[in-house]
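You will see chain A twice below: alongside chain B first, and alongside chain C after that.
Our next item is the complex of A and B:
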């Protein structure tokens, strides 16, 4: 039935192609002029099919939604090519502990205030912060040769050292295993 | 007038005067003891020892840092007034043993008071007060001081020069992480002062308010209690019991806030509440900065 219908429409189109110049632009027009409805060549059963809802394809949207948690870094042994090194598996046996930041970096930061005041800040300290201050002062004396003024804030558990010593303190803390 | 004030002041003076002569040490009648004095009756149950035989009902789901160990507390029940604890539970140290940052507690408490405040105080300025458009008398010749309008601030009935120009909003937002840390510090403070109690569920045998009051009095929990549970549905009995009580209040876990925790002396959490709070509060320690507001969907939002 479908085959005969499409055959009839194609035969009609070829018959009217010479008569109407606009055949190529409006193939439906000659069929409409002859009184036949030829909206599509599909069979009438398919035009009345039910709408199917599918949520299977939503996985393509779901895999685009970003995560909110920072992932744990993959297992490395030693220093990575970028210079990052993982913390030790077990915390070092010292009276203080320095946690990593949320991006798994050592929490030592430099600051410049009033244009010329240089500070190094060690954050996220837990435990005996005065022992950390003593060790930091002793290590920087070995490295630089001078006694540097430091400030301990017991409420926020941070340590400030005068001067820029980010690299030295980071290497020292990583060597300790923090 | 003076005789009346002498009578009023002298009424209690005789009683107070007499107590200084009594042999035994009677407490003066107008003595107000602070509520946070350590009551020896409250120190009856020490924290669970390491070799306790009761089962551990709940372990921490989140990863605990290697240098910290989980806290252990009793899990009690509200079914009977004088029942023994059912078991133990582990609590995450970052939530329930955070360092006691009183400055953060103060900041969060003042924020909670002030960010909702809109002061509606408003006064009229000299231009808004009715009248006062015309110069009251000539500049020169009348012998009086020179004035331009009868509603200037130096005149009686005139406008206010620097008064409140409301409505005025005191809205500000503390950083999200500060508010989260405030919750952790408040929970840790309650834990450290032994005012935090974990309960398996909120089922009580009767909807009677007196039962709850007797239970609190018997267990020496304190004079006010805050009950926290996860979910929208609560057991009917406890809702009816707390409905008419002023000092015992029940809130869902999303409504937990520093002001309520400081206002109530003791806090009761269920095991599901502990899980919910640990999930939500620890997520902030390992989350990215928001790419778009957290109200919109993320793939692993807690």
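Our next item is the complex of A and C:
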């Protein structure tokens, strides 16, 4: 396998240079055969081609073009090695719904203002946001043992919780199936 | 199941039952607006107005920041040292953790069945490289080595030993190669380069300071001897305590063995070619001098 590597790189270079030289030699021969007179008035098909056009290698160029849309994640069963898990096939039977972000992640974010003010934000909520607030408060009480202050914004449909609880809320939402 | 968006909710119901809003019945929440501080206006904020008693404090003629009353100040007493000297000549490598790479593969943004290149990583929006800020490429970092589980053919500019071990443990191939800044800018954004209509340049070889890194087998350099690389793979497997899987028996062996030529920037495209994107054609030169230059 190691030997094949060195062979491969040298074979590649020889193949590339061979491809170049092959193209350059064939049009040159008939031009010399026509003779010395009127070389400048030689017929166009006997003049050496300046460039070669090809469309076979264009597939390599197509691989380099960046995609303009976010690709759909491939089908996984359960949690992936990186910790990401896909949403449930059918949304859970709850009065609220939390959509995934455009990068297919759970929309829970932490924020720090003025150096010490910690917040956790749950975005993209649809439905009964007050029921979600009640469930979140109850879950965090089980996990941490404290009643945490929360703020509901009905216009933007977001929920803010005081403190950093990104991991707990993300795990809880994924376990619910969102 | 989609819920119809009813922004406002209970607040909207309350609002609908109240009288019409006009400029006459608007008022801010009590405590929302606080008056600005004005000195010397009343019973206890008057007299000296919070400025103290006589001296420079009250007169407002204190000396400059950093002055320590006459002794040599801190910022002059400490001698200069060239911590940041030559900072603009130091190559930087954007770190990429194995955890992030695994995340990109899991979400389908990076295709593990094709050789992974810096172009593929940037196209997947996995990381941002700024060649104008002395970035010379990407470096693979150990973080996430224990959760990494993907068999890939990856080409980076620098890699830590733990990262190399994690990739080879899963049956993958890793190579470190050098890109000079102009070539790097082309590699990151190939489409704007193709639109320029210039021929693909040949990649330059590393300078003397980096040559030793890229000719070393422990770093899986692209200029290193393949037999030494195989020995280094075995040695690393012994050091980290895993069995080195045999790649030659793999079904994706052809893809894993794909490597770029020393002067090549893109897979499948040789230096000297011009890419015509609107007409989807590639133009190749035929002049002997050009061919000799581009294949040297």
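The criterion applied here is as follows: the second predicted complex is superposed on the first by the 117 of 178 C-alpha atoms of A that agree within 3 Å, B and C clash if a C-alpha of one lies under 4 Å from a C-alpha of the other, contacts with A are read in each partner's own complex, and residues count from 1 in each chain.
The criterion applied here is as follows: a contact is a pair of C-beta atoms (placed from the backbone, for glycine too) under 8 Å apart; a residue touches a chain by one contact, two chains touch by 3 or more.
Predicted model only: the values in this text are computed from it and were never measured.
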Touching partner for A:129 - first (chain B), second (chain C), both, neither: second
Chain B versus chain C as contact partner of A:51, first or second or both or neither: second
Touched partner set for A:155, first chain B, second chain C, both or neither: both
Partner with the higher number of touched chain A residues, chain C or chain B: C
Partner chain(s) touched by A:69 [first = chain B, second = chain C, both, neither]: first
Which superposed partner A:84 touches (first chain B, second chain C, both, neither): second
Partner chain in contact with A:102 - chain B first, chain C second, else both or neither: first
Partner chain in contact with A:60 - chain B first, chain C second, else both or neither: second
Those residues of chain A which chain B touches in one complex and chain C touches in the other: 65-67, 70, 91, 97, 126, 155, 157
Of all residues in chain B, those that touch chain A in their complex: 65-67, 99, 101, 103, 283, 285-288, 291, 294, 297-301
Chain C-touching residues of chain A, taken from the complex the two chains share: 1-6, 8-9, 12-13, 16-17, 20-21, 23-24, 27, 48-55, 57-61, 63-67, 70-74, 76, 80-84, 91, 96-97, 103-104, 126-130, 154-157
Complex contact set, residues of chain A against chain B: 62, 65-70, 89-91, 97, 99, 102, 126, 155, 157
Parts of chain C lying in touch with chain A, wherever the complex brings them together: 1-3, 5, 7-12, 99, 102-103, 105-109, 114, 119, 122-123, 144, 147-150, 190-191, 194, 225-227, 229-230, 247-248, 257, 259, 261-262, 266-270, 273-275, 277, 280-288, 291, 294-295
